Structures are given as C-alpha cells and as structure tokens.
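The structure is given below, and queries will be raised subsequently.
Per-chain residue numbering starts at 1, and chain names A, B, C and D are given in the order in which the chains are listed.
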Amino acid sequence: MAMFYLLLLLVLVGIVSFVLGPIKVLRNIIAFLGAVTAFFYFLTNIKPGLIYSLNIRVYNVHFEAGFSSMFFGVIITALFIIFLIASFHEENDGAYYLFAYLTLTGALAVLFAKDLISFFFFFETMSLFSFLMVLKGKSDTSFRSAFKYLVWSVFGGYAFLMGTFLKVYYTHSVMIGDISYLAGGVKLLILILLLAPFAVKAALMPFHLWAPDAYKDSKDTFTVFFSGGLSKIGVFGYFLVLFKVFTEIAVKYPYFLKAFAWLGAITAALSGIYAFMQDDAKKLLAYSSISQLGYVAVGFGIYTHFSVVAALFHALGHAVFESLLFLVVAGVYYRTKTTDLRKMGGLIKRMPLSFIGLLFGIIATSGIPPTIGFPSKWLLYEALILKGDLLLTSLVFFASITAFLYSYKLVHGIFLGKLHEEHKNVKEAPLGYAFGTVVLLVPLLVLGIIPGLVIKPIDYIVRFYLKPELGYNLANMNTPLGHVNFPVVGLVMGLTFALSLFIYLIAGKSYRAEQTDNYTATEAIDEDFELHYAGEFYGFMKKAFGRPLTWSFEKILNAFLKLFSFLGEVARGFYMGDARVYLFYVIAFFALLAYLMGGKL
Amino acid sequence: MKLFKFAQSRSLWMMHFCTGCGAVELPPTMTSRFDMERFGIIPMATPRQSDLLLITGYLTVKTLKRVVRAYEQMPTPRYVIGFGSCTINGGMYWDSYNVIKKLELYIPVDLYINGCMPRPEAIIDAFLKLREMIDKGEANAWKKYIENYEWYKKNQAEVFDVEKWSLKK
Amino acid sequence: MTVEETIKKDIETTFGELVRVEIERKHRVRAYTPRNMVLPMLAYLKQRGFHQFTLLTCVDWIKDGKFELVYNLYSLNYNVHVLISTKINRDKATMPTAINVYEMAFDYEREIHEMFGVEFEGHPRLDEFLLEDWKGIPPMRKDFDTRKYVEEKYGMKDLTKELFTRKEQPYRGPGSNG
Amino acid sequence: MSILYFFLYLLLVTIIGLLYMGAARKITAHIQNRYGPPVYQPILDVLKLFAKKDTASHGIMHSLGPVIAYTGIAATLLFLPLGNHTPLLHFNGDLFVVLYLLVVGPLGMALGAGESANSNATIGIARALSMMLGYEIIFFMATLPVFYHYGTASIYRVIQAQGAFPDWAAILFPISFIAGLFALQGLMGEKPFELVVAPHEIASGPMVEYGGKYLGLLQIWHAVGIIVETGLFVDIFFGPQSILWFFAGTFIVFFATVIVNAVMPRFRIEQAVRFYWGLPLLLSILGILQVYIWR
C-alpha cells in the first residue's frame, strides 16, 4: 500500500502545483514539501520485500520493492529534491512541475513494477513526461532534441513491448521472472529486446544519439535530474534484465556479456574523445555522462560479484558527481547566460563555491582519490584483471584518461583564466544552486573516504545473485588481487597536503599580480587583450587522430538516411511513371519471359 | 641565512631576453667552449623564473619599455648586468635619436661589462664578479630601484609612457 | 643596343619630354619624373616586366625645399633596376599612393610617412609603424636636430661637450645638420 | 612518531631526487663536451627559489597548484615500495592507487597554471594532458601482463613474487619491458617527448607564470617524481632489491632516459601521440598476447 500512496502523493502534488501555477510562492512551497515528504516517506515506509497489487478491473498491477529498487529510488528521489530547489530560480509554469512530478512518478513506479506490462506502461509514462520536460527547454533547438529523444525512447519502448509479448507467449507469464529454461535463440532475442530501452536510457553507444542534444537543450536544472537520475533507470534495467529475467546468462551466453562489456568500454572511450572535443559545457558534460555510464555497462558485462558492485557503486557515483557538475554549470548559466566555454573564464574569482563544487566534481569524474569516483574505478580494474581481459582493461583505462582531458577543459574554460569584461559583476550562484552543490559534495567526499557505507547495501543487492567474493568493511576493501584502505589513502593525502602547505607557508612571501601582469613576451597588454584560450583546446588532437575523429554515428545514420531516400526515389520511379514507362515495363516483362522460356513460347 | 645567500650566488638564472647585437656572444658562453652552466648560470624562459637580466647591447626606447616590464616582473633579489658600451653611454649610437644612452637612468645596474663586444671571457669574469658581490652583499641594485622608485619612474617617463608600461603592484 | 638602352628608349618614347632618363651604369636606369607622372610610369613599367618593387626611399633636399622620392623597380628578366625619382614640395608634402600598382609599397609608404612626414594620398593605414609614441617632427628630416634631441631626451650633455672640446672639428656623422 | 618518520623519509627522497636532477645535468654536460654544474646544483636552485622575497601569484588556485602537485607526488611516494625495503604503506600499495595518485600532480599543476591565463601555459597543459593519452596507456598496458601473470595488483606482492636475477619480470616479459621503456620516456617528460615544458617554444609551458617558491615546489615535485616514476618501473620489472640496489636500478633507468634526452630533438605533439600509438602500442599488445600464450 505504501508504494501506491507514494505514487499517488506524487501525482497529487504534481496536479496541485499545476493548478496553483500562477501563484508562484505557494506553488513552490507545495512542490518542495511534496518532494521532501515523498523522500522521507520513501525512507521510512518502504521496506525491501513489500508487495502490493492494484486491481484495475481487467488487469492486476503488481508492485514489489526490492533492495535494488530501494537503492535507485533513494538516489532518484534525492536528486529530484535537489533539482526542484534549484529549479525555483528559473522561470517555470505550473505544467513544468506537473510534468516533473509525473516523470518522477513514472520512474519510481518502474522501480516497483513487478510485471512487464505495467513496467512498460510506467516506463513509457516516464519517457513521455521527460520528453515534455525536454520540450520545455531553453533553446530553439529544444523541439528537435526532444523529438529525437522521444523517437529513441519509443524505439526502446516498443522493443521492450515486443520482448514482453515474446516472453508472455513462451512462458505464459507477465511477471518479471526467469527465462533461462527457454530454447536457444528465443532467449537471446527476448534478452536483447528487453535490454534495448535501458541501453537507450543509459545511452549505450549505438543508442546514445539522443543524449547530447537532449541534455544540452533541456533546462539546466532539469538536466541535473535527467542525467543523474533518469539514466539510473537504465542501470536498474541492466540489473533487472541480466539478473532477474535471465539468471543463467553467464553460463548460457558468456559471449553476449563479453560483447556487452566491450560495448560499454567503447562507449566510455569514444564518448570521452567526443567530450574533450566539445566547446559547449553542457554538451561536454553530456558526453562525459555517457562515458561514465559506459563503465557501468562494463561492470555488468564482466558479471562477477565485485564488478557488479563496482558498477552499482559507479552508478551512485555518477549520480553524485555528474549531477554536481550539471548543477554547477546550471548555476553558471543562471549568472552568465552562456554555456559556451569560449565565452567564459576566470569565474573562480566571482563564484568560489561553484568552483569548489566543479573542482571536486571533476576530481571524482577522473576517479582520483579521495572522492567517490575512485573506489568504483579501483574495483572495476581489479575485476577486469581478475577476469583476465587485459585488452578490455586497457580500453577502460584509455577511457579514464580521456576523463582527465575533458574535465580539465571544463574547469579551465569556465573558472580558470582571465575574467571577461562582461562578467566583472557576476555574483555567486543563487541559494538553490549552492544548496545542491553543498549537499552533493558531502556524499562525494564521505563515500570516497568511507565507501563501506554504501558497499554494504549494494552487496545485499548483488550477493543474492552472485557468489560474494568481495571482502569489505567500513574502511577496507579486499579483492583477491589487492587491498585498499580508503581512509588511509585520504589521510595520507591530507597529511602530505599539510606538509606541502607548510613548505608553502614558510617560504618567502608572494603578492597578488594583476591579470594583465602576465608574461606575454614582455608586451604590455590591456584589459581586453585575449589571454584566455578555451576553444579548440585539444585542436591538435584532430591531427593526431586523423580521420577517425570525424566519423560519428550521426554521419553513419545520415548515410543510411540518404541511402533509403535514394531507394525510395528509385521505388517511386517504378510507380509514378507515365503511360510510356508502364508500356516499357510490360514489354520488358514479356521480353524477359520470352528469354526465360528459351524460345518455347 | 648564510646558506640561502650561498645558494643565491651559486644559482643565477639568466633571462633569455637578448636585446642588442651582444646576444651573439652568449651562445659560445653557454656551449661547450666556455660553459657557463658550471657556475650554475642557465638561461630561463620567462622573467618570473629568472634572477639575472643581461642587457646585451643597445636599447632602443621601444625595447627599453619591454626591458623595464620584464625587470619589474622578476622576483627580488634580481640583478642586472649591462653588457657592452652601448649600455654605458650609447656606444656607437651615441647620437641616435632612438637609442637610450645611460641604462642606469632607467633601471639600476649592478655591473657593467665594457667593450664592443665583450668576449665570453669577459662575460664569465662578470658573472664571477657578480657572484662575489652577492656573497659580500654588495649587489643591491634592486633595493635601489625599490627605494628610488619615483626617480626611476620619472626618468622612464621622459622617454616613454610609464602609465601603460609599468606594472601595478 | 643593350637592354638598358632599349628600356631608356621605350620610356622616352612613351612619356616623351616629361621625363629625363639616364643610364647610370650597367643594370641601372634612372628616370627623373615630375610628380604626376610617377604612377603612370610605375604602371607602365610593371606591365613592361618590372614586377619587383624593391624599395621606396626618400631624400631630404632641405636647401631646395624638396623631398626626392625614389622608387626602385627591378626586373628579373632584364636584370635591370629602374629608379624613378621625383621631387615634391617639402612643406605639406603629399604624394599619391602607389599601392594600387605595387602592393609592396604599403609598408615603404608607411615608413616614409613616419620618418619624413610625407602624406601618401589614398593610403589606407598611415599610422604608427616603426616608432612608438613619436611626437614632433619626423626624425629623418634634416631640420630635425638629432643632437639637441638626444641631449634633451637622454641627458647626454656632458659627454657631447667633451667630445667637441677634444676634437677641434666637430664630428659630422650621418643625421647631423647640414 | 610515524608522522615524523614520513617527513624525514620525504625529505630524504626529495634530496636524492634533486641529486638525480643534478646528475642528469652533469651527464648531459659531459655528452655535450662541457664540464657542467656541480651535482648538488639543483639543491642550491631550490634553496634560492624558496628564498625569493616577492613572487607573483594570480590567485588562490595559482598558489595552490604547486602545493597540490607536491601533495600528489608525496602521497604516491608513501604508497610505493622501494624495492625490498619495508615500505611505509606497502600493505595498501596497489597499482591503481599509485597510478591515480600520480595524476594528482599534473592536475594540480594544470589547475594552477590555468588560472594564470597565460596562453603558453594553456598550450603546455593541453599538451601535457594529450600526451597522457599516449604514454599512460602504454605504461599501463606494459605493466598489465606482469600483474596478470603474478595474479595480484599490489606492487609489493609483484616484487615479492619475482625472484633473484633471472627471474625478473623484465626477462620474463621483454616485449612489455621495451614498451615500458618507451612509455617511461614520456612519463618523465624527457626529449623527444619534452613537449610540455619546451622552453624555446612555449616558454616552459605551464611553469611560465611560476617563479620563486612556486617554482621551487614544482622543482621538488619533479625531483620526487623522478624517483617515483623510475622506482615504479624498477619495482615492477626488476624484482626484489635491497634499498641500495633499488636506487642503483632507478639511477640506471634514469641514466638511460637522460642519454636519450641529451641526443634527441623534440616531437610535435600530434607526432608524439601518434608515435605512441604505433610501435609502443604494438609492443604492449604483443606483451599482452605473450602472457595469454603462457597461461
């Protein structure tokens, strides 16, 4: 019952905030209180193993809360609150909040759904309303981006529906349950069809095309929830399909898993490369988000206990740091009205808190200790080496190096360098953004130093399906390969930092130089001299990579489009000719017939 | 303290800023024939990193502006060696309308090397002399610049636009 | 007939009485031209094969009150320099620009403008070129007193006086008066 | 007590690293038929830099950049076993901890140099980060077979698993070893991969706005970096050594890079990255294949 009440509450709050649309303050208060209530209701009332079914005359909607639904539900709801608080600073109407709440309802219902039909229904609800959210985005190209997103979602959704029908046909059950006993090809087909929408949601490589545009063109605060929260549904789907629907996949189709892992690694590496070639902050982050979700796919593809733990931990980490980065960029956009890296710079002097947020965000994205990005990367590498796929390991490592490149480009473009004249009077991001930044910084650091806090629930999720191999307690993690005590890593870093700072402080004094007091081959420069170079930051990499960098999936798709329209033209020519053409066809047909008959006619 | 002084005199990083024709004497001084690195003197790329500014030859007003800027960007203690007769009295450009005559009027100089051109031996001799001066605490021209800042600025203002070319601290 | 003589004859037949052409020595032909004939002559010589604009220079004839502008053209085919000199008035010296004929003239004209103060009519960019923040008369004019300027600006009074007393005849180097 | 031990240990390694730098200058000088500075010259340089009275800073991040850089390398050092010598945190030392901590240094320097807004610095950083796409991946791929072969990711256990002389990983995995040598040259930032600093081209790159104590911190960062980078290489490929032999080993490896540095010109950036994706990548893939065949 609790789950139903929760969903009902969310829908009601959405409708109320829609009705209260013009009365801004009241609407915001209601929306905020609704989200907070939902969050605490979720924490207190929903326990793993809770079952509820709703009888709607012809159909029973089944709900069940598991450990995984709890895990993802908490992430999504918490991010929703952060998104909501920041979004109050934007100009939004009531419908925006209605759509937002219905998106959240759909997402949570997906987590609870126990049968495939209602799963599909809620999944499509979520997709539809998140499409509407993107549609309400900020730029002129929003419609195009949103439409792209919708097309891909619908594609994924119908693949899922097809998979559902196949499963129902063969197993006579709509419940989410094992299909391992089915005959060969059918299983694999169902598996792929069921996995498709989640690959779309988590932007796995051939299905990622909607993501950069949709992330870029949705409203900045919504992107926080969109990238950090909704993509978790994709990860949840991976978990659902690979562990609940097809339990014996590792035995039956190890090559499928291997392909899945490689796909994830390719996603991570290629998106990383695309990310550091972008000049727009949100597009860069979009590719970075895709890249990070690639690691999650790798973790699932390896299919050992601690690789899946790593994947789920990384999903959590992704939710934390990617949301943090999007939130900071949203705050910067709120103040400067631009996300173009070439037009910003030097904002560290005006927005110090945002800078700290972004700095720790990129440190976590790069996977440097002591942040949340490190434990999952560490576990993933251990799992990869233990699995013995060294080339895959190398590709994943390559991807994580690209993370250094794009994350530095981001912080350099926005915060470092010379302050532009038009940003002289920019203030720190408003309270809503600052709140989210501070709140997200806490798990980012705490879970980086004491990952044991969440390893335990994640272990509960995974140990039911895979043999537990990972030794862990609050501070330590043990794999057959190695051992890390994360607080000690943090402590050593703190200690050495104190030492370096000590050296810095006892050494001679320094003075604060003006920005124009710069080594420019001793030329005197004035304020409007262009010192800060952020565009084409890795321009020379185009030379290093050569042609492959200019390839993209979009171009391939466009080539397909051209091919199909050409074929269409040809086919049209057959049907749309005039009388003479038809006469020619008839004669040609008879000539062919005569030839085939070989003169017997 | 003594150790730091020792280090200061033994490690002089020279700015790689060749002004006049005297720069041509530096490559032999750096390379294997005379090897100034054995005294701890190496060329550095930017004024931020260097201790020693070598004015190698004549300075036009145009160059002087840049030299003053570079000099002010160098962290203290910083030393200046005037190199060749051009820095002393204008040398062969004694009546040129665009070459400054006395370097000392614009930036303080620790040491002059006479000649047109001085040989690498003379340069190395000057380096050793400068090292001695630092050891004895005599190479204090940079202090003069800070104490008599107004005076130097006044002199500089007579030849170029000081407002634009000097640093604001 | 040598190449130089051919060129001389060609110029003379084309421009007639207005120009005086001399063969100064081998490979060098000099044409004395009035101010308004310079551009036609440059155009003519360019299509005659003198593709290289080597130099534009200026001489200050202060006693005559004239500037002499010398355009130095060169032809790789003939291996011949043609110098076109023209005299213009010294006060309010103006000259039509040659950049429409030879683009190379762009920087030379800027330089002459800066050093002698000759205004080139139609030149798009006669601003600061080699000197920075120069005020007063252009430094290459002969009425510009270099020594006085140096004494005032760089404070070299003592040294120059000493020089004069030691030698009986003052040194007259390039750039000094007369 | 142990904290004091950490500090003394760090100080000692810093001084040894500075002496290595001095030795490099001396070796280079002798190759160029010069006499060269005394071996202790870098120590004097660092002392002088720390004694500088007024250094220009462009803001808080510009000041903290070198501090973070030294933090990163010092933390890495504490996780790195020095041969057979009982290291400080060997129980915790893991290849990935070390590799990720190694990146903190360049990142700190990049953040600091970025705030100076100098275009030379920007170019230098862009190069430094792009170069990582070349050498880091090769270094990683070259060491992977060793870790895979000994079935551990702990550097300490890899050292212990190797035996005396003929049992070294360098001899078991000669192809990976050569690939690792290529990567080491880039990791150390020596010519022909000296693109980041390139004093004649981009005025010492990221260091362009750093002087005085900042440059001093960067110098000792580089000094410890030499020990850590060559030490990591020696640990992985040369098996268990007493501390003296460990330093001898690092010096030999360092000597090799210095000699290459002294006689080589410099690559352009895209040439350098492409170079790494040519022969060294092939070698490291061959090394991985070798370990597969062995198993």
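Here is the rule we use: a residue touches a chain if its C-beta (ideal position, glycine included) is under 8 Å from a C-beta of that chain, and two chains touch if they have at least 3 such contacts.
Remember, it's a predicted structure, so these values are computed and weren't measured experimentally.
J.: Go through the assembly and pull out the chains touching subunit A as well as subunit D.
T.: Per touch definition, common to subunit A and subunit D: B.
J.: What are the two chains with the top count of C-beta contact pairs?
T.: The largest set of C-beta contacts joins the chains A-D.
J.: Could you find the chain whose CA centre sits the greatest distance from that of subunit A?
T.: Centre of mass proxy via C-alpha means gives C as farthest from subunit A.
J.: Could you say which chain's mean Cα position falls nearest to the mean Cα position of the entire protein shown?
T.: When every chain is reduced to its C-alpha mean, the one closest to the whole-protein mean is D.
J.: In angstrom, rounded to a whole number, how far apart do the mean CA points of subunit C and subunit D lie?
T.: For subunit C versus subunit D, the centre distance works out to 61 Å.
J.: In whole angstrom, how far does the Cα centroid of subunit B sit from the Cα centroid of subunit D?
T.: Inter-chain centre distance comes to 35 Å.
J.: Roughly how far is subunit B from subunit C, centre to centre by C-alpha average, rounded to an integer in Å?
T.: From the centre of subunit B to the centre of subunit C is 38 Å.
J.: Find every residue in subunit B that makes contact with two or more other chains and list them.
T.: Within subunit B, the residues that touch at least two other chains are 46-48, 65, 73.
J.: Where in subunit A do residues touch two or more other chains at once?
T.: 511, 513, 517, 519
J.: Among the residues of subunit D, which ones contact at least 2 other chains?
T.: 50-56, 203, 208-209, 212
J.: Provide the full list of chain pairs in touch.
T.: The list of touching pairs comes to A-B, A-D, B-C, B-D.
J.: Over in the complex, which subunit D residues touch subunit B? Could you list them?
T.: 25, 29, 32-38, 41, 43-45, 47-48, 50-56, 199-200, 203-204, 207-212, 215
J.: Give the list of subunit D residues in touch with subunit A in this complex.
T.: Going through subunit D, the ones touching subunit A are 3, 6-7, 10, 50-61, 63, 66-68, 70-71, 74-75, 78-79, 89, 91-92, 94-97, 100-101, 103-104, 107, 110-111, 114-120, 122-123, 125-127, 129-130, 132-133, 136-137, 140-141, 144-145, 147-148, 151-154, 157, 203, 208-209, 212-214, 216-217, 269-270, 273-274, 284-285, 288, 291-292, 295.
J.: For subunit B, which residues count as touching subunit C in their complex?
T.: It comes out as residues 61-62, 65, 89-90, 94-98, 100-102, 105, 158-161.
J.: Over in the complex, which subunit C residues touch subunit B? Could you list them?
T.: Against subunit B, subunit C makes touches at 131-133, 139, 144, 146-147, 149-150, 153-156, 159-160, 173, 175-176.
J.: Tell me, which parts of subunit B touch subunit D in their complex?
T.: Per the stated touch rule, the residues are 3-4, 6-8, 10-11, 13, 16, 31-32, 35, 37-40, 44-51, 73-77.
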